[in-house]
């Protein structure tokens, strides 16, 4: 979980750890299950250490992390503002796969085409699952939007894999 | 701004934006109205051929035929043969009678008396009885026959009356014999002074020209008419075939000619007087002159031209109701939009009508050939108010029809919802191409009109005069019938071609629709039925319209003729209509059937390519 | 419906070729295919690989040069035009890329058309059309002309039309080829819906989203089948990874 995300969630108002966790889950919908619960607390601790957030002991039992109330520091606010203004996009990871194919072909370790086909099958299965999940979401839910994004990226990746397939297919003789 | 000015402005703007279709519409209607004008004007010219002839030849108000039995006393020399038989008329008597007539009250002038010999003319194999009228070379004041070819009488020369010449097949320069004496044909002329008019050679009694092997001229044969010099005529008189005399009279009041004639006729041996009214409506069979045939022909062609082009252009213009964005953007209500479009079409139609009238009037003298008219040069063709009105009405009707195209289309679509599937498909196809449907309807109407006109012609001539003998062998008559038949055949060919092309175009057009519908499960038969229905449906009103139009056309062309128009029997009409419709259905079914078995897939795929 | 054991569609050695000699083109080359009842099969491949031609052969819109074709146990590649027409009317439904709706008919009338062609009464056809338009979510647009509908809506009308005869088999040729992503989702939903109601579907597409709705995915190249995949398994956990959630 990116630090900036948790920071930004704090920007609304100081919150308990479990409150943050609940809000995150809601925003992610079914994907929230993939989120590691403990991660939130770890991230909060890191943020505190870095001086971007500060915690206060709320009334109740001391020394229990989930009783702490976290809030943004001035530095933290600045960081959030900067993050919101950033325009970098999630990095694609295509180079690795591309090099995998070339290495396999060069060393004769495996048939690149088979690698492509296997990867394609896997992506198709994931597409199917993501699509099913997306369709099950009610219209306009934020999670549904996220799922749509996943589906579209998978689609784009599949298109690239088709191109790879075309490229790596040995030319057949015309009968 | 007043409504009218607004509409005027909108029309102007609309026309400026798309001058193309507007121009096309104007051109098409102009062509049609010009042809229509031509036909109507020419019809006016030949409507009263007798009166024209009478005017040009100074025709007489009364013609007196004075019989003489006896040799011409004015000739010196010995008498031939026996003395005059009983009942004959002496020369003095003839002079008396002439004087009596020329001095009768109401007579303002006379010419003659001209000696007329009865002779037998031989020309090649042909033999004909002829009345040879002796004339001087100087022009007579009354009844100077008008030459349409050659020169007037001179010694040894003979001028033939026009229909007589046609019946003989003789032309200028031919040699004939009269009672054995040789003559040369030096001229051909027409006259208003002899009966029966207009075709002197063919009376109710029988023909006037016979083949030699007949040997005998039948007793009831009619005489042909010819002119020779006076001395030549007198020379042909004999005791067996005495001369008669023709005397032409002019009256102060030509309308009283009939009473004058009946008062002064002395039957059986005295002069027989014939008034000009009787000459005009003579007992000859009706002959349709070329122009009277040509003008209905011209009208039919004009109608086809209207159908083909004007509706096309007009329909295209009317389709702009869909693109009414410009007008709507200006704030016009749908009612105003409709009025604007109608105003547009009407304005263009009026312009075209005016142009057509002018062109037709200017072209008429060029078309009216001297040889065709009975008289000679047709007089100045006159553009009557009636003709102008008829032409303008036609133009306006076309404009209205074009505007109604989309409305009809909407109605068709609503109608089609209640029908069995092939008819539904058929109506859909018709609604998609209303212009083509109108074109089909119009061209079928034209053929039907042509067929019905021919049927009416036959009914009038054959059925009505079936009783009287001697309706045979009139070459002019046959020629007109032939011409009408040729015209009809041409029209039929045109319409068949049009039907085939339209059907094929419909099939091609409908290829996508029929492929789609077949993909959805329509059998080839259903598709064929739909396309055939699409062709036959617009043809029905066309064919039915042809019946009244055909009869009307014949009546219009026949105007002034001697024989009343007889409508063809209903059986003939029903046969014509059903035959036409059946023909159209077959012509549509064949290409449709051929197309209905082609594989669906390529057609659909080519759309998506 | 038919027996569970008999495949709804069976093709043996299906071939379609054009031209001769040097110019011989094999659009479909020895294709064997079995489609069980209730199955959704997707055929994918690059342009020109012959998948559309294959679909047209399967639906009787075109005749194979060689091979056999069986629909629910009956041989159909030898039938005459009229029998094929009846087949297309009653037992096979078609969905095209270009929708192919008739522009002068309203949505309801378009859906009614196959029923009317089959000789059903006007009333029955209208009722059935209303039912199906309701199912595809266009009940309020029944009286609209195609020109008043969006691309997705038009394709949904086309789908309703394909279902009017309660066909044993529905064939779809690039159903989302002309649609934007919004409309694609509309059609996707319908296909999932059809699938879960037990309709047998064969879809030709190069849109992987549509292909992902299938049980079986066949890849086609140069007229022949080269790959077959069963799309099963997976869970939301994997997707989370794709979202960048787990590290």
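As written, the chains take the letters A, B and C, and residue 1 is the first residue of each chain.
By definition in this document, a residue touches a chain if its C-beta (ideal position, glycine included) is under 8 Å from a C-beta of that chain, and two chains touch if they have at least 3 such contacts.
Nothing here was measured: the structure is a model prediction, and the numbers come from that model.
A.B. asks: Within the chain touch network, how many edges lie on the shortest path between subunit A and subunit B?
C.D. replies: The least step count works out to 2.
A.B. asks: What is the chain whose Cα centre is as far as it gets from that of subunit A?
C.D. replies: B
A.B. asks: Distance-wise, how many Å sit between the C-alpha centres of subunit A and subunit B, to the nearest whole number?
C.D. replies: 93
A.B. asks: What whole-number Å value describes the gap between the mean CA coordinates of subunit A and subunit C?
C.D. replies: Result: the chain centres lie 36 Å from each other.
A.B. asks: Averaging over Cα atoms per chain, report the distance between subunit B and subunit C in Å.
C.D. replies: One centre to the other, that is 66 Å.
A.B. asks: Can you check the complex and tell me which residues of subunit C touch subunit A?
C.D. replies: On the subunit C side, the touching residues are 26, 46, 181, 185, 188-189, 192, 207-209, 211-213, 217, 222, 227, 229, 231-247.
A.B. asks: Tell me, which parts of subunit B touch subunit C in their complex?
C.D. replies: 413, 417, 421, 424, 428, 431-432, 513, 516-526, 596-597, 599-602, 604-605, 607-608
A.B. asks: Please name which positions on subunit A make contact with subunit C in the complex.
C.D. replies: Residue list for subunit A touching subunit C: 1, 28, 30-31, 33-36, 90, 117, 121, 124-133, 135, 146-147, 150-155, 158-159, 162, 166, 172, 175.
A.B. asks: Which stretch or stretches of subunit C touch subunit B in the complex?
C.D. replies: 52-53, 56, 59, 61-63, 81-82, 85-90, 94, 96-98, 100, 102, 104-105, 109, 113-114, 116-118, 161, 165, 174, 177
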